[in-house]
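After the structure tokens below, expect a handful of questions from me.
Chain lettering (A, B, C, D and E) follows the sequence in which the chains are written, and residue indices restart at 1 in each chain.
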């Protein structure tokens, strides 16, 4: 019980301080672009309830989910292959690095050529951005499998898919999760970017509309909502991670618990 | 069964070149239990890994049943010296032992039975549900042994498998290994630093020189096949043999073969006693 | 082996180019919107001959390098500080998770408002986006310290700073290197995007001009330039990594069998 | 913190010329200021222009408000919206206008080659690409549809940059597009046709975009603003009467391929904004719900 | 010097609760060399980590020189059972040994000297420039020992430090440790599974019961202070003592104190022989 209260305190303390600081700093602001926080907060419920929730937020979330999942599957699969074979890595790396350095806003037209302008395009844009941290981390994680462990696996004839499933992926999982975590927030960013092109609904689209139409407090509520969304998703993510990486946290915590 | 011919291994990299093994030639017959002793760093682990197909020799070759070993052959189990790192920290003890069995076509119930038996024989039934890192060093090592036993191998390569367990457990495990060997007729290559253990366990003791390594001596252990902790270890012949091995290792460390008159007769290539 | 890697890499890239040439040539995509490599190359040659192009390249690289340097330094410092200070991690976790997904593109009006279309605007966006990459990787890396190694250090009385330097840092380094490589690419992306949207001088602005003029090959030529930049940056990062991580399993593994 | 730019009134050099920064979009429409700069219309009034290209109003309006730019270029609808939201913007000069010639406007609502859509009315239920939703493009296209007897509320608008519209038409991602030059010519190159001149449909003399500054700047620097106004008016007039020079100058700041440049339909550059057309636009925007309140045109226009 | 009072340690987490140590109370005097034996998994490592301030006991306390230990005290060195993981793979052997010295205010030349001496005394002068993962298991373990020796500690906690080295090296290292102990008067707590080693090295042998652990017996080793491998090990008293310890461990494993008449006299609290 006491533990829970302490955790809650840690989660809330800093955000509260920041919000209070913001509140007072912006209280008397007359600048159109810096509306007072209380204006933003009173606008919030008006903007993000009712139809907007189902018409803009939900489609955005679904696209995010689809793009993220696609990126996770592709990133882990490709990363495992690239990480396991030095030659494949040598062949693929330049091309991948090349593609990775192309800014998504200029990549969007190209993706549009392949994927049209519908949800497929947006999902592709999200996936194309999320895939990099997952891919890179998977490659590194797979490359770093402990030599004694991989020898153990080899000597017991644990090869092929069993080796992949039981040894390589598990051993790389801490690093893969680091990548997945990174990708989550990149996904949200790309969700917004993708909705800046050829969209007619979505969270990103709405925010950009607000911005263009000088509905500045509304725009700020959008930014806040994105932050909240990111926060909620990361909490969910942490739950999953705790589940999957339970062994890892247990292992790493043993010494720390005592200090 | 296992033929090692002119094996040589040179490690290179990160600014260091080590000729770990210079020239090893010997044979392990099918169903034989050979113990390997030698000074620390002489290349025992290297040799074992080459025999297990985990390391490619710089030159020379290893033959298993007449065919060159190029990768880990099926039906072979390996107990690593670095037992801690050879267990998968993301799996509970039970799953660690079971994993290699999944590669064999066994019914789940048979698998469970094998796992339970193996864990029991090393005295770890209680720890089946724990993660390896929740166990003590000796317990981890016993998990690694249990994994090898459950695998029911034809060839068993063990690299200092009892280094971290207490004297009593060690004695029990020694008897366990000898018992299994006698029942199942498996071929065992056993690396140890404990000379008494080498003599007690082995049908033959292979003494390696310091690095760059050659075979310093091969010693037939002419003790009766039926051995037990109480009587064998106090037998006069046992004492002679262990003194001989000890002197050979000392000699190996000094860098030359021991030239001791009183043990000459021991080098006789008498047929194994069993 | 280095030569082999380079050779394989070149081969891979050549394959990619052939594919890009073939797709429009065979009519799978319209040549007008996805010009074949040869036409892009033509445009690229013209670009390379233009003095203004080099100025733009210099501007972009300045924004990128400065932004990346700031982000990496800040990310690592913050990450290590958060990791070694008791309770700081818990106290900042929620705020980090809140700020991180706020898209830098949504900050554009803010950046313009604060710094106009000058370099600082680009820097703000670049730093904001790449900082998180480094920070998160650092946090994950720091968590990866082997308990036995850490206990060893503690038992020998290594102080906090010595432990950070000798234990924590080497353990986290592989993660941080990945973070830096991610951040380098993200920084480049944001430098270009910021120029594209805000109109700060640089390659991005040239891309914007080419886009709005329907000069498709020119636009692709510039995109290729950013891609090649990313490629070079990665080669650099890899070289540093090979030196810094010679002991690491991932690098070691390539030396042995 | 909004105004931390050092050059709050533009830099005045020793010889009395003041440098002003103008945020523009690097498109055909702003050719007159480039031309005027080249011809010395600004210089002779003691102004030196620094033309800074930006992607769109999103960056230019805040830039002008915080005095990063002294002047900016923006389309009329955006300015109307800004004004109605009490954003302190002030128009100083005309930007660009519809050509007032039926069938030869610089913007057209286009469809791809072989499209079954022949008239605006047929756009009902179809997807139309516009560069920015709830802006001048959709307002005017709706007007075209209404004039053709269709139901404007049945249109579906999709947002994408002008430069991607030709490809989107080609791929059937959209059925029609709001294409100003040079996208218009690109579509026509590919065999597409314009089914309406929507700006023209709103008003033959529709003021499409204008140059503006912030109210604060206008108040503090009336002299400078006046000079900019005069010089821009002169430039607009000059550009209107010298199309060849316009095509020449466009090649310097855009990358429009020369072959395409020849074919471009140039817009009309009247010296003054056309108040009646702006009122009409405001009326339509209000009718379509883009404007919640009536903009104060007196405060907005010079 | 070192007081352990009512020490209890319970591990909890990941669905497992283990009472590793139930109630331990004993004292180690300043300058004493105490050996610790006990069945595998009985909590020796746990105990050592608690004494070294690396683990907080669930209850009870450890006092060093009268003051409670809350973190690793200065002047203490630890040799870990998991020697492989306790070496830093990113540092060469030399740097691994030198690192703890950097925390002490020593001149670089003195540091280099200490490192060179320590490496020489474990026979690893040649390997100074290698990375730990380029070494054999026994060599790695010796690096860990060298690191502890170079540190010149007042208190030395060693957890099965010779498990991976060969018999000859082991004997040399045993003499090294006893030599250092006699010269410098450091306090040593030494965990081992080798009963001969415990008796040969220790002034006192502490026998632990199986988990949940209590002190099964404390045995004074009344052998002369001057010991050597040849003579001490064949002394009749040595044989008696080792047999006694062996029986106690067997008894501990069976879960109760041995109740053997013939060794009763050994439990006498005779003053230490040195």
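Before moving on, here are some points about what is shown:
One rule holds for everything that comes next: a contact is a pair of C-beta atoms (placed from the backbone, for glycine too) under 8 Å apart; a residue touches a chain by one contact, two chains touch by 3 or more.
The chain lineup, named per UniProt: A, C = ABC transporter permease; B, E = ABC transporter ATP-binding protein.
Everything numeric in this text was worked out from a predicted model, so none of it was measured.
Chains that count as touching both chain C (ABC transporter permease) and chain D, per the definition above, are A. Looking at chain A (ABC transporter permease) and chain E, the chains in contact with each of them are B, C. Chain A (ABC transporter permease) and chain C (ABC transporter permease) have centres, each the mean of its CA atoms, that are 17 Å apart. Chain geometry summary: the mean Cα position of chain B and that of chain D are 84 Å apart. Centre-to-centre, using mean CA coordinates, chain B is 50 Å away from chain C (ABC transporter permease). Residues of chain D in contact with at least two other chains: 2, 58, 62, 65, 161, 163, 167.
Residue positions of chain A (ABC transporter permease) touching 2 or more other chains: 33, 109, 113, 146-147, 196, 211, 247, 250-251, 254-255, 259. Across the assembly, chain E contributes 13-14, 49, 54, 71, 82, 85, 131, 133 as residues in contact with two or more other chains. Those residues of chain D whose C-beta lies close enough to touch chain A (ABC transporter permease) in the complex are 2, 57-58, 61-62, 65, 78, 81-82, 85-88, 129, 132-135, 156-161, 163-164, 167-168, 171, 173-174, 290.
The touching residues of chain A (ABC transporter permease), counted against chain D in their complex, run 31-34, 109, 112-113, 116-118, 196-200, 205, 208-209, 211-216. Residues 11, 13-16, 18, 37-46, 81-82, 84-85, 129-131, 134-139, 142, 160, 163-170, 193-195, 246, 249-250, 253 of chain B are the ones touching chain E in the complex. In the complex of the two chains, the chain C (ABC transporter permease) residues touching chain A (ABC transporter permease) come out as 4-5, 8-13, 15-16, 29-30, 33-34, 87, 90-95, 97-106, 109-110, 113, 129, 132-133, 136-137, 140-141, 143-145, 147-148, 150-151, 154, 174-175, 178, 181-182, 185, 188-190, 192-193, 196-197, 204, 207, 211, 219, 223, 226-231, 233-234, 248-250, 252-254, 256. Against chain B, the residues of chain A (ABC transporter permease) that register as touching in their complex are 146, 148-149, 151-152, 154-159, 162, 166-167, 170-171, 173, 247-248, 250-251, 254.
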